[in-house]
Amino acid sequence: MTEAVMMDELTWPEYQERVRNGIPVFLVVGSTEQHGPHLPLGTDVFQGLAIARAAAERTGGIVAPSLAYGYKSQPKSGGGESFAGTTSLDAQTLLLQVRDVLRALLRHGNRRLVLIDGHYENAAFIAEGIDLALRENGSSGARILVFHWWELISQSTIHTIFEGNFPGWALEHAAVVETSLMAAVNPTLVHWDRLVDDRPERRVPYEIFPSPPDVIPRSGVLSPARRASADHGRRILIEVVEDVVKAMQAEFSL
Amino acid sequence: MTEAVMMDELTWPEYQERVRNGIPVFLVVGSTEQHGPHLPLGTDVFQGLAIARAAAERTGGIVAPSLAYGYKSQPKSGGGESFAGTTSLDAQTLLLQVRDVLRALLRHGNRRLVLIDGHYENAAFIAEGIDLALRENGSSGARILVFHWWELISQSTIHTIFEGNFPGWALEHAAVVETSLMAAVNPTLVHWDRLVDDRPERRVPYEIFPSPPDVIPRSGVLSPARRASADHGRRILIEVVEDVVKAMQAEFSL
Amino acid sequence: MTEAVMMDELTWPEYQERVRNGIPVFLVVGSTEQHGPHLPLGTDVFQGLAIARAAAERTGGIVAPSLAYGYKSQPKSGGGESFAGTTSLDAQTLLLQVRDVLRALLRHGNRRLVLIDGHYENAAFIAEGIDLALRENGSSGARILVFHWWELISQSTIHTIFEGNFPGWALEHAAVVETSLMAAVNPTLVHWDRLVDDRPERRVPYEIFPSPPDVIPRSGVLSPARRASADHGRRILIEVVEDVVKAMQAEFSL
Amino acid sequence: MTEAVMMDELTWPEYQERVRNGIPVFLVVGSTEQHGPHLPLGTDVFQGLAIARAAAERTGGIVAPSLAYGYKSQPKSGGGESFAGTTSLDAQTLLLQVRDVLRALLRHGNRRLVLIDGHYENAAFIAEGIDLALRENGSSGARILVFHWWELISQSTIHTIFEGNFPGWALEHAAVVETSLMAAVNPTLVHWDRLVDDRPERRVPYEIFPSPPDVIPRSGVLSPARRASADHGRRILIEVVEDVVKAMQAEFSL
Amino acid sequence: MTEAVMMDELTWPEYQERVRNGIPVFLVVGSTEQHGPHLPLGTDVFQGLAIARAAAERTGGIVAPSLAYGYKSQPKSGGGESFAGTTSLDAQTLLLQVRDVLRALLRHGNRRLVLIDGHYENAAFIAEGIDLALRENGSSGARILVFHWWELISQSTIHTIFEGNFPGWALEHAAVVETSLMAAVNPTLVHWDRLVDDRPERRVPYEIFPSPPDVIPRSGVLSPARRASADHGRRILIEVVEDVVKAMQAEFSL
Amino acid sequence: MTEAVMMDELTWPEYQERVRNGIPVFLVVGSTEQHGPHLPLGTDVFQGLAIARAAAERTGGIVAPSLAYGYKSQPKSGGGESFAGTTSLDAQTLLLQVRDVLRALLRHGNRRLVLIDGHYENAAFIAEGIDLALRENGSSGARILVFHWWELISQSTIHTIFEGNFPGWALEHAAVVETSLMAAVNPTLVHWDRLVDDRPERRVPYEIFPSPPDVIPRSGVLSPARRASADHGRRILIEVVEDVVKAMQAEFSL
């Protein structure tokens, strides 16, 4: 039996044995989306995968192939759909995808499922996909946990990193937290020399369709990332993984 | 500008510049599916990616994040849906996914798109996804090529590998060609010691729903893989990549 | 010409004349959902309508018939779907409804549309409905504003009302803000004698499916409403309406 | 416990108690549609609600929030989709809405459901929505009655009102019956001074797509309303409500 | 060039030439549904085809392959879905089918399309299918006529056949008119010896879901067919075809 | 009881009796598609029906009304969608149709169902339609067989007919086999004088979207039909029917 933590590297008998042993299965729901001039399009998947792999290693779990395309970027949380590279799905497409993958994982006999959401805009559609899968088949005693990983960061870490200037999670796109975490998990993909101090010209507490240009920063960066560091990233990663593992222990009786 | 060939490793300005230069974009449509006791669940994606990366390197192209889940395995070409690990999508889910990703890639300005299909059962749904994307937006001069990579293997290679005993592509699941290609591109994931000489008890020239057990081999292997070798795999890879590149030169005026 | 502000009270020639004059049209997207033992099931619609009517009166606009059913209540923001009275729609149903009504309003010639969202869980599906309507027909110069009304409340008002103990918007279900606003706009429907000091037994920074009972308060109240008052409600209403009107002036060049 | 007859004015414990007592729940499926120069866009909802409220009062029932948008107006029964103000849904949107609301009402434990259809074109989609809800969950002993209220008017009333010149229900749009009933239930919304003696230039016993202008009267009135009166309206209301109540007694064993 | 009137008997160049000449194309939308013990399941298609063929012969038109499955039978117009043999489609299935076939016929260049509806319950879904096809592509100057053939029968014929006892079209299922028309167009499929004098035990002016047994006659016959005769059938056929042809001359400028 | 083999010619009691006796039911899934200048648009249905009728006669079965429209023609197997007369369905439309008809046939109590696929491009959507029908209701012990009839032709027959030059089934469109079979079953619809020796200018082992003109033969014929003869057709028909009957005996325990 290999030590692989990635489901796609397992043969089906290896996978089946693990499922019978009640191991947890992780699924990352990410996006392919602009993350400013200094972070790659796959940032949401890379971050989700780093968390999922670390938590899987600690819990004996395995990581299913990621859903690499997410819901449409919104101007106020991801810069909107006008950037080259942002490659998004309709609501129906994403929620059916979540439903179908969960339906299959439940059919295999899995009872401990963990979704790591790496993209702010995915949340509602993940919830619907799960609801449809459970409505159709029941849960057969399975439990599904969904983590929007940034919501696990403690107030004390936020305070340390932002020194009191936390702009809220929506604006934290391609900014301090994401740059720090990428510096910790994929350092070669962070272009520190291209950091920009961008932000939208105008921030409004409502949404405008179609998006006028002045609510979208030209660079795609929603708030400056200067405070970012690999150290911050490591702290975030450790904290988030710790919280995921603790939650799994509590909810799955691991 | 990085040398990265993977779209998810590019920043959006890097991606945009490449798109403006007319580079080709590759998309692998794979599956997560049993491939016998000796090959991993991700075989169809790994193979598609190996071909896509090699062809992208030769043509200056980039590879978009793969669609890692495919259409339902059919008993006669993949052993059916009863195996643990086989994780498939409904028709509507898969075709919407293809439609949405293509819609976005076309919106970015891409005009040279290459789909590498790694899963026998995906073909019809890829065609529908493309048709819906083009119906909605027109092609704006774009061309989309779809390769079912096994169809590019020459008669002479088939003759060499099978020594005249080629069982047809449907039965070539987890068998000689797939095992060889995996041995060439992901040798650590091939378990030579677990090769079985399995085949369905009964082969019928029609389909039966629900599948009776005797048309599905217990191991998931549809025909024996003994003839497989990394050498055969390298020959296949070189030949297929060469054919993809030649086709791109012809159809895209590269 | 009547003075009616409600679209359903206008004849079609009256409506047509107003549309030709460029008046704004408001649409409330609400819910029918448990709001504890002291607030009615229609709370989200009543609040949205109060805001829409007041803003319509100030801007010469009209209010379209409300969408009275919203997306599924989530345990952490509305108590979940297990309560009697909570009557929710699938994602696809809600987003198609938003798409279809907007499609018709745009066809009539409207160019200034305002959606008042009264239900925390609706946001993503409203965005998708708008996106589908605009993709299909373009905006023809129309602008659509979406207000999640609670996001317009100023920090100073939040500070005044909560005296520093603001629990976040998700937990503000059937609690201080909603009770106050209902006391201002539908006082006879607020049952002060039934206020409970309830909250979930357990609050976790992630989601669990299916919902275990201890994350849902038996009363449906997610945080205590004791601080609520009609005065607070009037302050909120005035502030929110003022902000909606200002936003309309800015975005619609009224 | 309040005396409210409207579901949205009840708290969830009040609602739950009534459901446990087996009270009937009414749902109006209306439209937002042109009704000539003398009747408002909401006519179908206002009429349906008047009937539902009166029947609910007599049977101890409650009235759920109305579906205020209906299926597309057809030229021969509502003047078609070209009028300003006519705001209609696609078939799929309407039938999913009916399915979802019924699914929730059945989940609450309701066993006596009454749909009051206020719009000629809704009938087939209401039937489909009910069929989908029952197919999914079974009826659990529930019964659902659907009334197209005009079909309850007796021959003797029709004879009295039309003095033998009844044009058939399809043409009775914004005409004698609707004007009379509105005069009885919402008199301030009837503009007697704007009555026109309109009718389509041409009436044909088939349908033409797209609609040529001569099958649609410019005013939206399909036959003259001169015979209308509030007295007629009261007679209709009393008769229809009486019939609904009698049907409920017979079918629900009230 | 053959004289064939059936589209499926033409080669594509023959078809293309006719389309270029502006010939009308007929499409029958029928059902496969119980029609009592004396008429066959295909009655609605056979009748629609007889009308379409006769009208096509008189106008130089051709008849496309029929849609042989229709919308779900309703108890009050077809006996409901409980009979063996009644084989019906969901709303979405039927309307997409109408949309797709019309989309293709319009793409071929047809501008004169005639739908013959043979099944009472199909009407609303045919209208939606046409609306979706036209919304997507526009009509390009095409006109589509829809005939519910029974609505073309004159008052004088109804008077003659029913001698004043016409029960209304909904109840005319497997009864006088259908039996007569079948006797005229497919006499060998009419089993005169099995005529029953059946009718529902109870007729109510509303709908009940699920259907109680007493609103459905055991035989499936909604009113007695004794008055039926081949002579009546021929009269109906001649009259209906004449009306279809006249309508086509008027609407298509033939 | 009539001797009819066509389901639409049976009354519902006749049909019910047969179903109770366990007779098999056949359903043809065809297409309306160009078949060159010498074969009619309905070729796929005519061939499927000939096989279904013959097999039904031998097994006491009956034939349900055909699905006469199929999935979109692909350039490499049917010439693509650009020909006049090719009238195809979206994937979703076709698979819902298969699902709905099977759902009804299963509800009637049928346990032996045979689908005869007459169109190369239908296969994947038939499989999905069956999967959805069985997922929804289970099979209740029913078995469904699907025959793509050309796959039943023996190597020896292929050898005899093609004299060693068999081009593969995809290219056998409007060519030797189809022309021969039509000559056997509908000789008056074969125009021998219009046979052309056409083929695509260019054959490529991949797909190109949108289709360039040089991969589509102008005539629609994908390979020459000169070897065709009614004798070959009769041999094919006898062989295929024999194989269908044998398969039914084996799978249905007839």
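For reference, chains read A, B, C, D, E and F in written order, and residue numbers begin at 1 within each chain.
What we mean here is this: contacts are C-beta pairs under 8 Å (C-beta built on N, C-alpha and C of every residue); 3 or more make two chains touch, one makes a residue touch a chain.
Model, not experiment: these values are computed from the prediction.
With contact taken as defined at the outset, there is no chain that touches chain C as well as chain D.
With steps allowed only between chains in touch, the distance from chain A over to chain E comes to 3.
Chain centres here are C-alpha means, and the one lying farthest from chain E is A. Comparing chain pairs A-B and D-E, the larger number of C-beta contacts belongs to A-B. Most remote from chain D, judged by the distance between CA-atom centroids, is B. For this pair, chain A with chain D, the centres built from the Cα atoms lie 47 Å apart.
Distance from the chain D centre to the chain E centre is 28 Å, each centre being the mean of its Cα atoms. Contacts with at least two other chains are made by residues 90, 92 of chain A. Viewed as a contact network, the protein chains form a single closed ring in which every chain touches exactly two others. In ring order, beginning at chain C and turning toward chain D, the chains are C, D, E, F, B, A. Across the complex, chain F is touched by residues 71-72, 74, 90-92, 95, 121, 123-125, 127-128, 130-132, 134, 139, 143-148, 151-152, 204-210, 212, 243, 247, 251 of chain B. Residues of chain B touching chain A in their complex: 6-13, 15-16, 19, 32, 34-42, 45-46, 64-66, 68-69, 83-90, 92-93, 96-97, 99-101, 104-105, 108-109, 189, 191, 194, 220.
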